[in-house]
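Consider the two complexes below, in which subunit A is the common component and subunit B and subunit C are the respective partners.
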Partner chain A sequence: MDLVTVNGLSKRYGGIVALSEATFGARAGEVHALLGENGAGKSTFIQILSGAVQHDGGSILVDGRDYRPANPDAAQARGIAAVFQELSLIPDLSVEQNIWFRHEPRTLLRTVNRKEMRRKTLALLEKYNFPALRPDQELRRLTLAERQIVEIAKGLAKDTRILILDEATSALPAREAEWLLKLTRQLAAEGRLVIFISHRMAEVRAIADRLTIFRNGSTVAAHEANAVSDNEIVTQMIGRHLDRLYPERVATATDSIALSVKGVSSGSRLSGVDFALREGEVLGVGGLQGHGQRELFQALFGATRASGTIELWGKPVSIGNPRQALTGKDGIALVPEDRRGQGLLLTKSVRENLTLSVIKRFTENGLLSRQKEAALVKEMVDFLRIKAGTPEQLAGTLSGGNQQKVIFGKMLLTQARVLLLYDPTRGVDVGTKGEIFQLMRDLASKGYAILFHSSDMPELVHVADRVLVMRNGRIAATLEGDHISEEEILRAAMLETKAA
Partner chain B sequence: MSVEHTVGMAQRPAETKPTKPAIDWRGRLLDRAPFLVACLMLALIIGIYGSLQSGVFSLDELNLDTAAAMTLMLAATGQTIVLLRGGIDLSIGGMISLGTVIAATRFTDDPSTTALWALIILALGFLIGALNGLLISLLKLQPFLVTLATWSILNGVAMIILPTDGGSIPSWWVGFASAQFIGLASPVWMLLALLMFWGWFRATRAGIAIQATGSNEKSAFLSGVSITRVNLVTYGLSGLFAAGAALFLVTQTGAGSPTIGKDYILPSVAAAVIGGVSLFGGRGHLAGTLIGAFVLTLIGNLVFVLHVSSYWQPVASGVILLLSVLASSVAEKAARNRVQ
Partner chain C sequence: MSAFLARNRLIVLAYAGMVVLLLVTALFSPGFLSVSNMRSTVVLAAFVGIVALGQTFVIIGGGIDLSVPWVLNSAAIIMALLCGGQDLPLVWVMPLLLAGGAFIGLVNGIGVARFGVPPIIMTLATNVILQGLILVLTGGSPTPSAPALIQFLSVGRIGGFPVIALIWLALTLVATLLLSKAAFGRHLYALGTSATVAEFSGVPTARTTVLTYVISGLTAAFAGMLLTGYSGQAYLGMGDAYLFTSIAAVAIGGASILGGSGHYLGTVAGAMVLTILTGLLPALNLSSGALLIVYGAVILLTVSVGSETFAGLGGRLRRKEG
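Moving on to the complex of A and B:
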């Protein structure tokens, strides 16, 4: 018998239908993948399962008993825990306090038993072979990837029979992502049900026993994983044939240098980077994680201090801070790594997010022109096909792909023509990914110059005109034309350069 | 994924077991910078005070100063809990006034009647505070606005009960503040009790949940915390401590006052902030708040022995507050740069 059976599940937010008539069934001991574009209803579905929101219609049975958790606590009481993409961690608590939060072992005085908590933490980390973590470190000192790992530990700390992993691998470097996939199999082998959401088909292929496909707020199909092809899955996800994920690569680069970087260094992570980005070019930045890619983008945007020479459109600039970097047609704009933390104000509307950094463009004689603003916002929403009820919808309520589009819109409105895209497709569904790549090509053909980092190597291979491979804070190789392949990137990233 | 990667997360050695890491002293120092600055300020003030006035470094002085600071300390203890949760409680001003006027009109020479009314005042404090919490949760209103409104209401009620300063407090109740046990006056014992309470409270699940909610409300909710319950307890405790402050305050004044409470609203916030409690929630300790309360109280003493106009006291308090805020912001920036 299925451990979880869902029938006719529905959820509305005001006038927007987030989920309608979804069905789902999953057994104990399996890894069950949920696939679908952003906004297809996956997030709403797991929010209902984990008790974060309540459904309006339909039924859920767990163990044959009715299941309708009023809050995450009630869900946990039935053995259901979620590892959210939107992390449920507390910045001011330590790693171990976060892992055991609300389930801390206690002393006779009802206070937290620290010794016992430490012992249990180390035992948990060892049992599941976790990557190195310091139990006493405060969470806000941790990187995004480390936080994701703490979140996973937290999900496992409880007596969990059903674990939901919501794009848990998207924030992880390759090595840790691989560990998580192994862990997922181990958990299923222990008899748990793991509900696994990922936009990386290869991962789903590697670990899922079965999969359920969502589209437009409903479930369209469920398959045994080995009985369905990638193409069939993608077709069912988007409801049509996706001819190509990657747009045709048309060479649009001119000879004019948009961004020239010479000897840029920053701390120990970036030591002497030289390259030139041309007008109309998409220049990829690859390599293994942690070899200076992040620092390079931050240094160029002026978010960290750096030495060296940076020229924009032939003019030397000292890029001191993001605001300076943002100004006008000669400026630089960035799509940051952590879109929820750095890129978007989640509690502000789509309109406010779009226009926040360009408010000057709508002021006439010191007054804000609402009409002008509305016109530009509408133009951007249409151009990027942002799916929002109205421009006043809060950014935090949009799906991941649409949030990313808002950040693109915000960046384009600055009128900067040198764009820094740091992993712009992280956690974005296939359909939106395709749209983003097409957008990048379109912008390049309009004379924009784009520096593009992706943690997903095929993206670099298929989208970039040239690829810079970084190793130990330096450019280890520049790949062009036919030399751009995953193999070449890895070779340059991992092996010592041959004496040229 | 078949390729074996040579570099792990954040360039860490490729080992899987957690190792015993070196303690990050600089990080710890930066985290505690606001508290340390407060301690430094207190030492400085005591130093100047001691050089101008004889007998400052004595038990008597400790007993007197703690008594002078205790009302603020009690009020600021409640405020610290609220700030830790990421809120603010202005209504303590009204609660303190109301507490003093009830005490001044109901306390009698009969200890059992007085004790009963003292308990009623404390219970009222908790209930009114809990009501604040409930309103904030259910109506999803700003704590600032809700507690501003209840402050006004409580103030009005206090005025109705006792329009002008007056009433009487039995002398045995007044004597409590100067009563000594083992050489220390009762306020010093109360101070120690407050610290013990805090040590216990902060280590309970409820204390952690309140701090966590202040640190990130959404995360706390997703972790299963009932935000309504957190608000009830947080503001309830704040009201309870405000009522306690009123009961102590009448030992100092010997009378009730329908307007006295407002003098404790902003100082209670200031004491906490000087002591390193974050206005944005999630961070801070009572020890800092109590140091802050001492700083604000001793500034008064200092102004007195310097023989300058007493109007310099708020000026000095303001400067100290600014210095504290500056210290914590510098430390915060330094800490953030280290993470990068």
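Moving on to the complex of A and C:
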């Protein structure tokens, strides 16, 4: 019998239908993948399951009994926990304090039993073979990936029968992502149900027993994983046939150098980087996570201090802050790593976000022209096909792919023609990914120069014209033409690390 | 129209609160709605409103200005001293003191934006320093009375309207333009919503922060001069009440104290609410201690009615019904 049975589940946000008559069924002891484009309703579905929001219609049965949790604690009481896309951790607390938050082991005097907490934390980390985490480390010192791992530990800390992972691998580097996949298999083997959301087909293939596909808030199909092809899945997800994910690689690079970087260093993470990015080129930046990619992008954008020489379109520039980077036709724009923390004002509208960097352009005699602004916003929303009810919808309520499109739009409205894209497809569905790659190629052919980092190696291999591989804060290799392959990237990224 | 109401729900609430309070007050003291009484209520509210103008900008930007009491007081006392009861010196004294207020704001702003001093500490420090300076300067002796021109600005009338109400109206217009119609306003809301996102978007975050404190210094100094005209004299401690009222007016007006939201139009209602309240309470014939308690409680209530929590609760209730 199914552990979870969902029928006719519906949820509206004002005029927006997030879920309409969705069905779902999953058994104990399986890994069940939930697939769908951004905005398909996956997150809403699991928010309902985990008690974070309440549904308007339909029924959920867990163990054959009616289930309608009023809050996450009620869900917890029935053994259901979720690891959300939007992390819920408290920066000022330590790793272990976060893991046990509001469920701390107590002494007889009802004070927190620190020893016991430490013991239980270490036991948990060991049992599931967690990547190195120090229980006493303050959360604010951790990277996005490490926080995601703490979030997973928190989900496992209680007696959880159903664990839901919402795009948990999207923030993880390759090795940790692999660990997580093993973990889900281990949990399923223990008789638990893992509901797993991911946009990476390879992962789904590796671990899922069954899968359910959502489109526009409804269930379109459920399959045994080994009885359906990738193509069928993608077609059902996007409701049409996707010819190809990666656009054809047409060489549009010219001889003119858009960005020249010489001896750029920053702290201990970036030590003497040299390269040149040409007009019309998509230049990939790869390598193992934490080898200076983040620092390189931030240094070029003026978000961290750096030394060395940077030239834009042949002119030496000194970029002290993002404002200087974004200024003028010779500017340089960034799609940042942390969409929600660096890219978007979540509580402001799509319109305000789109025009934030260029708001001065809509002023006449110091006063804003709302018409001018609205016209450009509409143009950009149409051009990028941003799915929002109206431009006044709050950016925080958009799905991940549409949030990313808003950030792209914001960047494209500036006049910068050197674009820094830091992992722009993280947590973005295949359909939107395809759109983003196509957009990158179109921009390149219009004379933009693009520096492109991705945590997903196949993207570098299929999209970039050349790939810089970083190791220990330097460029370890530059791959071109036939030499661009996952093997070559890995070889360049790892070889000397081993020797050292 | 309904979209407008939804977006500015908290501001609308503040005005609704103001109207309710007016009616309640009229019940307790029937003379309250008379023209002359309304006129004096608006005049009193104008002082709160002008100080709270700068405070609104600072709070929307994610900061707070605790230096308003002694910026106000310093401007009042120095003006009285420099003018010696004469109108003529005002020509240079007024610009000088406005510049002085702006300078204090500049110091506050640079401390916060460039050196990362928490706004509470920074502005509290300038407040105390100014207090000390004024005490040294006056030695506690009384100051000459206010020049006639200043008295005209604060208690005079033009065509039946209090001059200060007209000044307040003009300032409201300017503030509204800055917040709703200028690039500065967009930058300010972005800054208060997320300083990191604003920085990554190319918003001049430091300059915007500094400007808010400069505006606050300007309005506090201006209010100090006007207030001297109203009381006929400058005296030590005359700004103290404005610390609390300026912040409360902003909060009642619907701004989040954490920044990123709110509008001066809301603050205007907030200033009115606070002033009507001070008019209502004596009519209840309570002892002065009890008065303060009721005053505080009502403000707490009003602010929480306007706060996000309450708005969220209202939203939840509505959804349950629907």
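Everything below uses one rule, namely that the second predicted complex is superposed on the first by the 495 of 500 C-alpha atoms of A that agree within 3 Å, B and C clash if a C-alpha of one lies under 4 Å from a C-alpha of the other, contacts with A are read in each partner's own complex, and residues count from 1 in each chain.
In the analysis below, contacts are C-beta pairs under 8 Å (C-beta built on N, C-alpha and C of every residue); 3 or more make two chains touch, one makes a residue touch a chain.
Note that the structure is predicted; figures quoted are calculated from it, not measured.
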Taking subunit A as the common reference, can subunit B and subunit C both be placed on it without clashing, or not? Answer clash or fit. clash
Subunit B versus subunit C as contact partner of A:357, first or second or both or neither: second
In this superposition, which partner touches a larger number of subunit A residues, subunit B or subunit C? B
Figure out whether A:307 sits in contact with subunit B (first) or subunit C (second), or with both, or with neither. neither
Touching partner for A:89 - first (subunit B), second (subunit C), both, neither: first
Taking the superposition as given, does A:254 touch the first partner, subunit B, the second, subunit C, both, or neither? neither
Between subunit B (first) and subunit C (second), which does A:231 come into contact with in this model arrangement: first, second, both, or neither? neither
Between subunit B and subunit C, which residues of subunit A are contacted by each of them? none
Under the definition above, what is the set of subunit C residues touching subunit A in their complex? 3, 7, 177, 180-183, 186-187, 189-190, 193-194, 196-204, 260-261
Partner subunit C, residues of subunit A touching it in the complex: 301, 303, 321-323, 325-327, 334, 336, 341-348, 352, 355-357, 359-360, 362-363, 366-368, 392, 410, 414
Under the touch definition given earlier, write down the residues of subunit A that touch subunit B in their complex. 50, 52, 71-73, 76, 82, 84, 86-93, 97, 101-102, 104, 106, 109-112, 122, 125-126, 129-135, 138, 140-141, 143, 145-146, 154, 172-178, 202, 206, 288-291, 298, 304, 490, 494
Spell out the residues on subunit B that touch subunit A in their complex, using ranges where they run on. 1, 3, 5-13, 15-19, 21, 27, 31, 200, 203-205, 208-209, 211-212, 214-216, 218-226, 282-283, 339-340
